[in-house]
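Data block below; observations after.
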Amino acid sequence: MDYVRIERNTKIKKGISGTIRFIILGLWALIVLFPFYWMILTSIKSYGSYNSEYIPKLYVTSPTFENYVDAFSAVPLGRYFLNTAIFTIVTTAIMLVVITLAAYAFARLEFKGRGFVFVIFLSLMMIPTELVVITNFVTITNWNMRNSFPGLILPSITSVFYIYLLKENFEQVPDTLYYAAKVDGTSDFKYLLKVLIPISKPTLITVTILKVIECWNSYVWPRLITDDQAYFLVSNGIQEIRENGFGRENIPAMMAAVVVISAPLIVIFLIFRKQIMAGVLRGGTKG
Amino acid sequence: MNNKDSGSSFLKKISEYKGWLYLLPAIIFLGIFMVYPLIDVFVYSFEEGYNFASQSFFGTGMYNYSYVLHDPYFLQAVKNTFIIVIITVPLSTVIALFISVLLSRIEKLRSLFQTIYFLPYVTNTLAVGLVFMILFKKTAYTDGMINLLINAFGGSSVDFIDGPYWAKMTVMCIYTIWIVMPFKILILTSALSSVNPDYYSAARVDGTRPWRIFYRITLPMISPMIFYLVITGFIGAFKAYSDEVALFGVDLNSAGMNTIVGYVYDMLYGDSGGYPSFASAAAILLFIIVLTITVINLMISDSDN
Amino acid sequence: MEVVLEHLTKVFPSRDKKNPADVYAVNDFDFTIPDGKLIGLLGPSGCGKSTTLNLICGLLQPTQGRILFGENDVTNLPPEARGVGLVFQNYALYPHLTVRQNIMFPLQNLRGEEKLTKEVMNAKAEEAAKLVQIDMLMDRKPKELSGGQQQRVAIARALVKRPQVLLLDEPLSNLDARLRLQTREEIKRIQTETGITTIFVTHDQEEAMSISDLIVVMKDGILQQIGRPQEVYDEPVNMFVAKFLGTPQINMFDGRVSGGMLYLGETPVMKTTAPDKEVHVGIRPEGFVLAGVDAPSTGTAGAVATADDGTKPLECALKAVEVSGRDVSIVSTNPASQGVNIRSIMGSDRNLNIAGETVSFRLKPHKVYLFDKETEDRIYEQ
């Protein structure tokens, strides 16, 4: 065997393949990042300079924040923002209470029919939202809850999947802790509050983050149930801006609105990067 | 089990009532917004001539299904949906696999790349869709960024947003893939990193070439995860809707880019809306399609093992 | 194939932020492994023995030094060009392939002129399987096999390409005690039959002693001693080696050399030529000779006799006597002992009937080792 030749070839091969890897990965990173770059870039171009660029420039010489002012003044972006925040916080908060109670009942409390109810819950996990949204639309309309927060919130405050996730988590807490608490005279509710919830904090955080992402980006249901701009969420708002705009085709202002809408989740993501990615890994699919 | 005496049976009774109490909120909400609608949607789909205002109907039967199946808009939506599914599911899975494999081979910058790649997951589909629209759109002022790239490579400009069908479908698929990649990359990188590195060491000592390591060792080991991604990918792609709205606006029918889910919502609401019966029939048809595809997928995976 | 390690060093950058010093996993190894021998790399976990193995097979690149297989410098060669076979601690059998496919896997990697036909590959796989006696399990999947059988498949896979060097990483640690005994004999048999230079890593000194032609004792990346197992056991070069080899462990005492006499406490126990100073004293359990037992009834210690050479038996408080059938262990205590107990082993061919409060021992000089207090190196007789 020609050891010297083998040695040299291996070194060259290693160097080349390493470089190619980085080039391809960098290319994909570029594809992912470019739309973000583009929206920020466009949002700080002035209306005039954007429209005069037949060949769009990849940089901006005189940045302006006028578009952000426009985004908040010409359209009720602040309103959309506030609505979405209210919707997200209230929905997530109520959901956490509902699913925690249900998961606790399934995991810890003993009662007749528990197994049966649980099987029904599990089978509901397979039902696509598209199938039930029609009747929910009719129900909410009949209850005169269109264009109202209850109408937006009510149908999305239970999630069978999260109940399941949390129940699994509760069940991992050893029985002995429960019996010890019982011997000490701790009530079931107190046990849930003081023992289970603190222990299951990571899962609860995961569920919270996933639900917040879902709420912040929800589009279909709010679109069905609101036609009054006063109750639009950001997704509907952006669609409204797209269709009717700022009175004219003002793309820089549109991009400013897009930046404002995208920013909160991206900031949350950058802070809770590890938890979010671990949560999505455990929690399955989007939507 | 040591609670045989009367005292603990009393406690038991209390806890029985307690269990239902804890479950009550979930049961109420699921009952109203999930179980009842599930039954109701079938009822709607068989009620002919349902009037939304008076909430009355004049017959039962298969007419709603027949109407939907003969509606050119529905057929267009089915065609669009299938094209999106057939193109984006395999393509996104393969690209995600490719990128994940590369990602698992590097150490430097890995977590930076992972973070970047995940970004689309946390963004608002509607918002970023708007950016894609602008990148691809050809207007009086500019041909758009993408057309400039095409021109640079010697092609001629195409209007991807209001232009020919294939052009619109191309952007649609590109955007769909861009949106679904983060989840797939995340799942696949984690699957790849869970393969015991000893297998790779063993293969290297045996002089196995990288490509062979990939298809004889890596691929079989992560195949359950790939399969999971294909199934969830199919289900997700069949329910495509928001991404379409983001690119082409709410009037998808006139853009010729509607999907089955879009058709359902259009039937329910909006300018062409007010027909919950037609919407229900279409939704049930979608459910049947997805169920069939999933069952076929499961059968294929079973015969593989 | 002779394997030569020349000043082999492997440094890992520190992962501990509090302690940024680099980690010397392997520090200046310099020794030769003779052709056709079975070598045991022995040391506590984290001593760098697996790193050494990975350097030899090429999965890791050394920071410094060279590795030679015979005349050839293989330091910078990729693993596949070195002609080594490697068996992993967890076997690393591909779960989706059958035993046959697993064994044939390395052969299928060959290409160009070396490429083999299906028949040849099959024949070679069968041959390797026969060697490790699993030829009747060829079409099973790894998960249908016992731990011992999986181990054999892994060895067959490593042997099928007729490697020049066979490397085994903790080959027995995933097996239960009975299988471990059986498998280690099996490894010895396979090695003898094939004559392939074999290096195996273990933290179990008994395992290494029982089958190796040579053992290499390591600690913290530094080579401590190389030699035939009995040699290393009988002549440990330092306190670490003395303590690491042998079950039950060697008994350690604080001692003092004064005027050609070794004292444990105030008892002169042995004549020595070592220079006068405070020392660590190691005494193997079999290095004690029972000199007497004082029953509580007699109660007098006056019977302890001074021998002609001026030494006295070591008096210890008797704690327990453990009978194992083959031999008898006497557990006792003495203030000079560094451990809690002193454990001494007597052959049980004499019918010992030991009961009392104190026992006294004379020592077998060749089972007593002196170590420097500071360096812990062996102090040899002069």
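Points to keep in mind about this one:
So that you can tell them apart, the chains are marked A, B and C in the order they are listed, and the count of residues begins at 1 in each.
We adopt the following convention: a residue touches a chain if its C-beta (ideal position, glycine included) is under 8 Å from a C-beta of that chain, and two chains touch if they have at least 3 such contacts.
Keep in mind it's a predicted model, so treat the numbers as computed, not measured.
Of all chain pairs, the one linked by the largest number of contacting C-beta pairs is A-B. The most distant chain from chain B, with centres taken as the mean of CA atoms, is C. Each chain gets one centre point, the mean of its Cα atoms, and the points for chain A and chain C are 56 Å apart. Centre-to-centre separation of chain A and chain B, using mean CA positions: 15 Å. Centre to centre, using the average C-alpha position, chain B and chain C are separated by 58 Å.
For chain A, no residue reaches two or more other chains under the stated contact definition.
Shown for chain B are the residues that touch two or more other chains, of which there are none.
The set of chain C residues touching two or more other chains comprises 78, 81. Across the interface of their complex, chain C is touched by residues 1, 3, 6-7, 10-11 of chain A.
Contact residues of chain C toward chain A in the complex are 72-74, 76-78, 81.
The part of chain B that touches chain A in the complex is made up of residues 12, 15-20, 22-23, 25-27, 29-30, 32-38, 40-41, 44, 52, 99, 102-103, 105-106, 109, 113-128, 130-135, 139, 141-145, 148, 178, 181, 183, 186-187, 190, 232, 235-236, 239, 241-242, 245, 249-250, 261, 264-265, 268-269, 276, 279-280, 283-284, 286-287, 290. The touching residues of chain A, when paired with chain B in their complex, are 18, 21-22, 24-25, 28-29, 31-33, 35-36, 38-39, 42, 51, 53-56, 97-99, 101-102, 104-106, 109-112, 114, 117, 121, 124, 127-128, 130-139, 154-155, 157-158, 160, 163, 188, 213, 216-217, 219-220, 223-224, 234-235, 238-239, 242-243, 249, 251, 254-255, 257-258, 261-262, 265-266, 268-270, 273, 276-277, 280-281, 284-287. Those residues of chain B that touch chain C in the shared complex are 196, 198-199, 201-209, 212, 216-217, 220-221.
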